[in-house]
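The structures considered in this document are given below.
Same chain, two partners: subunit A is paired with subunit B first, then with subunit C.
And then the complex of A and B:
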């Protein structure tokens, strides 16, 4: 059988994938099933099963609001990183090799520091006595320091910077492969700069954007540290709710419901982005 | 093609996660034990003070597993009978929860040579107190030359506008909010008054955050007033932060931190030797010094002046709480705090 598989072109011997496959089965699929079972358990000892935790979670407008806020945060982060990434990506493809190297270094730089440090750096920047407020006060643009920490705006600003490389890297990789003569042709045929961007560059860069959007969405919705430290306790998102319910309250079934919900929410977002890609390619 | 790079990224992350989970349980050998320890100051302190003394006195090696109290209890519960480490270090809330979940093995006081140097009651059938924490108000003396002296003042101008609030996730947060409830006519079974006050104060307070966020916000001048334990104050002060501690008029709060032997531990003798070393005068007198600032319980230790307490006898006048009363209500308080303070 193995010999036959080897001779058939396009078929891969499954045994090569077996070690990782079985590891995933044992350490990913099985715990996931336990998590799912836990969400229907009455307590953490699986003594009996009930729908109580699901009813409590989805029957309460507060928790539905938490799900909505979490997904919305991911979407806003995608929008913000997209808006800021395209200009940089355009600059990148228009530049020579030296500038490209410099840009890649600048893009990668944030990834070289821990997310905890980047998050704390944003506290220093956004605090009442921080750089932003001191500048605004000095310029006379505001008379009292703005409250940027502990707000959704502050969190989005920080997440945009923290997640930016995840959007930029795939985008730049894909846009690098776009044949420059296509935009030249568009321009030569009388297309404006904007028209060229929207009709030529944007559609061709979509695979890169989709990969970036997927990463940013998945990362922003689950950014426990940034959400807790910059968002503070008044903004509740699913990751901190899960931590609280499992670690402080010990309500594991409820935490399991929140975890499954977060998983489904992130997967839905990811699927939405890949659907967008298919839709865009067929039209 | 970008799809593939995403998968690779996720696989890589999963592999890293799996790898980091491996070594902890494999690093155990005979003549040694694994002890959970709070991350940060405690981890640093026990590694540099207790571990060398334990090796010197008993020839026992200790591996530390840095975990917060709640995480230790969660891990032990998840182990379902298989001890993930040999010793807990816990605050009273998690202690009560762990005791209820039957996660302790007994402690034999006759195996602790230093047991006699601790005040009565600090060694029980399943717990050995290693230090006490003192909780009260702390403030920026430059911002407030006249600091608040009572809990209720936190909700008055000009203090409320500079206050950093934290909820029921930590021991110090929980007991502080209970004391605030008391001054407004509530009790540890009636938190209604403090929830009403919190609602009123919310639009005005400088920050509401998780416990880990408070020191950073204080350091950055985002808040000038918070409630926390003396260890945090001493640590911040050492870093040059403008901060002072103040016991409220109704008294500072105290609670003890204790070591316990995890049910099913296979290193019971080493665990006792570890506990005995931690409560010894030699260890306690070093743990009391900056940067650790832990208030000792061993009566042979003479207190230094950086601890905000003059003698161990002062503890008798401080406020204590019954966690058997608090624990059953805590989940509901946390849920209510979440709901009412969320924007």
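And then the complex of A and C:
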């Protein structure tokens, strides 16, 4: 601030930005460049330039399937968290300060208690002797315990809870800024509650939804622990492929190709969501 | 006032109310189930627990049988503390650097400072491993600190920048016209106003470092084992009930920290702003 006061307002004080800037150049930008270079290397000593790893990755339908499954998992997580987050956000804006505070606590608590613990909780819930199976058996809805671990359904259920706070926080933030008289006006003009939701609240909450969808998509596609522990060895997504290729097989160029692919896939998803927002605003 | 479509309105209330109840149950349920499971008397993970016992907590606190968990916790706390302390300095300075700027250069810089939150951590973790090993560094806990610093700095940057936008620059001008030096004005005016933002950001950053998997997965080794990686290993192999006890300790610690942080910084208000 000592420098900022001297600068005319509106200018970035580069001396104060430099420490974080250089930290990022040295420990963030440089590693990512090396990752990109490694994906074009013949081996992990950069002996020569080679496209082999890219050809091997994209030429194999198995690996293309892994990319598709990873992106689809992220999209399904976005849809599921959206469906469950809007009702909570509506409850939030309809509530008084005390309930609001309680809801924020309920949203923050799982967010702050480690992805590993949340994943562990879902093992207890989805296992053969777990909560879901005990309940279904007791109600007589099934005669044999269902196998929910190591299935995509189980993984999606778990990821929905694990990622929901990331959708809820921006959604709640934006929705409490919506002027309530807009909904009142829609109701007074004879709009049903459904119509008011879809024509007034949903469009106005879009910026929050886009921020939430971006975070959920980025997080669900890279949720290594949840994917390996709940998905198991049979379901392969890009994160477990990256880990296996780099730390078990030690094929660094190939792992780098998978990592760059994951990076591009996540950034494409992020850009898609922001384009969607721009498109929705103009129509 | 009468409305048409009362059946439709009722269906709205039923559907939204039902979904809201379900969502709250899904959010809170797993946390409660883990807490209850940690007091089980059984050697396997069943729910509901067949009986009550604190043997898993006794096992967890036993320095001989759980020594590897204790050292993983010590590593995690050390890395989180140093990385958070460094991040507070560099991220607060960066937030101050662009607080009153609305130019394209400031917005571009802001986006690049926030980018580690969106870029997949796993890609970065592998990139950091390649970076340190190509430079010829031997594995060290300092690499973990550097990697965590990059990943957690955005949390402090964001909350500090948010508290600076509510800051009235006229305060600085009047203090200057009253003869205050710039450093004095920073210490007596700017710092007190942005401190809650810095503290809230530091709390989130510390928690993010303690929970970090993607960077630790690649940069930690047998000597510098980190708690989440150790817990992942336990889940993949034996599914030891001690994981439930570790979870119980962490959940209670987070709960206490959240209440304290809310008193100190208005954390709940800050998170929904």
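Observations
Operating definition for what follows: the second predicted complex is superposed on the first by the 274 of 283 C-alpha atoms of A that agree within 3 Å, B and C clash if a C-alpha of one lies under 4 Å from a C-alpha of the other, contacts with A are read in each partner's own complex, and residues count from 1 in each chain.
Throughout what follows, a residue touches a chain if its C-beta (ideal position, glycine included) is under 8 Å from a C-beta of that chain, and two chains touch if they have at least 3 such contacts.
The model shown is predicted, which means the values in this text are computed figures rather than measured ones.
Superimposing the complexes on subunit A yields a three-chain arrangement in which subunit B and subunit C clash. In the overlay built on the shared chain, the residue A:179 is in contact with neither subunit B nor subunit C.
With both structures placed on the common chain, the touch criterion links A:248 to subunit B but leaves subunit C unconnected. Of the two partner chains, subunit C is the only one touched by A:256; subunit B is not. Of the two partner chains, neither subunit B nor subunit C is touched by A:268.
Once chain A of one complex is fitted onto chain A of the other, the partner contacts of A:214 extend to both subunit B and subunit C.
Of the two partners, subunit B and subunit C, it is C that touches more residues of subunit A. When the two structures are aligned on the shared chain, A:236 is found in touch with subunit B, with no touch to subunit C. Residue contacts after overlaying the shared chain place A:84 against subunit C, while subunit B stays out of touching range. When the two structures are aligned on the shared chain, A:50 is found in touch with neither subunit B nor subunit C. When the shared chain is aligned, no partner comes close enough to touch A:95: not subunit B, not subunit C.
Shared contact residues of subunit A with subunit B and subunit C: 20, 23, 27-28, 44, 120, 123-124, 127, 129-130, 173, 214-215, 228-229, 246-247. Of all the residues in subunit B, the ones that touch subunit A in their complex are 1-3, 5-6, 9, 11, 14, 18, 68, 70-71, 73-74, 77, 97, 165-169, 202, 206-210, 212-213, 216-217, 220-222, 330-331, 334-335, 337-339, 341-343. Looking at the complex, you find that subunit A touches subunit C at residues 1-2, 4-6, 9-17, 19-21, 23-24, 27-28, 30-32, 34-35, 38, 44, 46, 83-88, 90-91, 100-101, 104-110, 112-125, 127, 129-131, 134, 160-161, 164-165, 169, 172-173, 176, 187-188, 190, 192-194, 197, 214-215, 218, 221-222, 224-225, 228-229, 239, 242-243, 246-247, 252, 255-256, 259-260, 262-263, 266-267, 270. Contact residues of subunit A toward subunit B in the complex are 20, 23, 27-28, 44, 62, 65, 120, 123-124, 127-130, 149-150, 152, 170, 173-174, 207-208, 210-212, 214-215, 228-229, 232-236, 240-241, 244, 246-251, 274. Across the interface of their complex, subunit A is touched by residues 1, 3-5, 8-9, 11-13, 16-20, 22-24, 26-31, 33-34, 37, 44-48, 89-91, 93-94, 96-103, 105-106, 109, 112-113, 116-124, 126-131, 134, 146-147, 149-150, 153, 157, 169, 172, 176, 182-183, 185-186, 190, 207, 210-211, 213-214, 217-218, 228, 231-232, 235-236, 239, 243-244, 246-247, 250-251, 254-255, 257-258, 267-268, 271-273 of subunit C.
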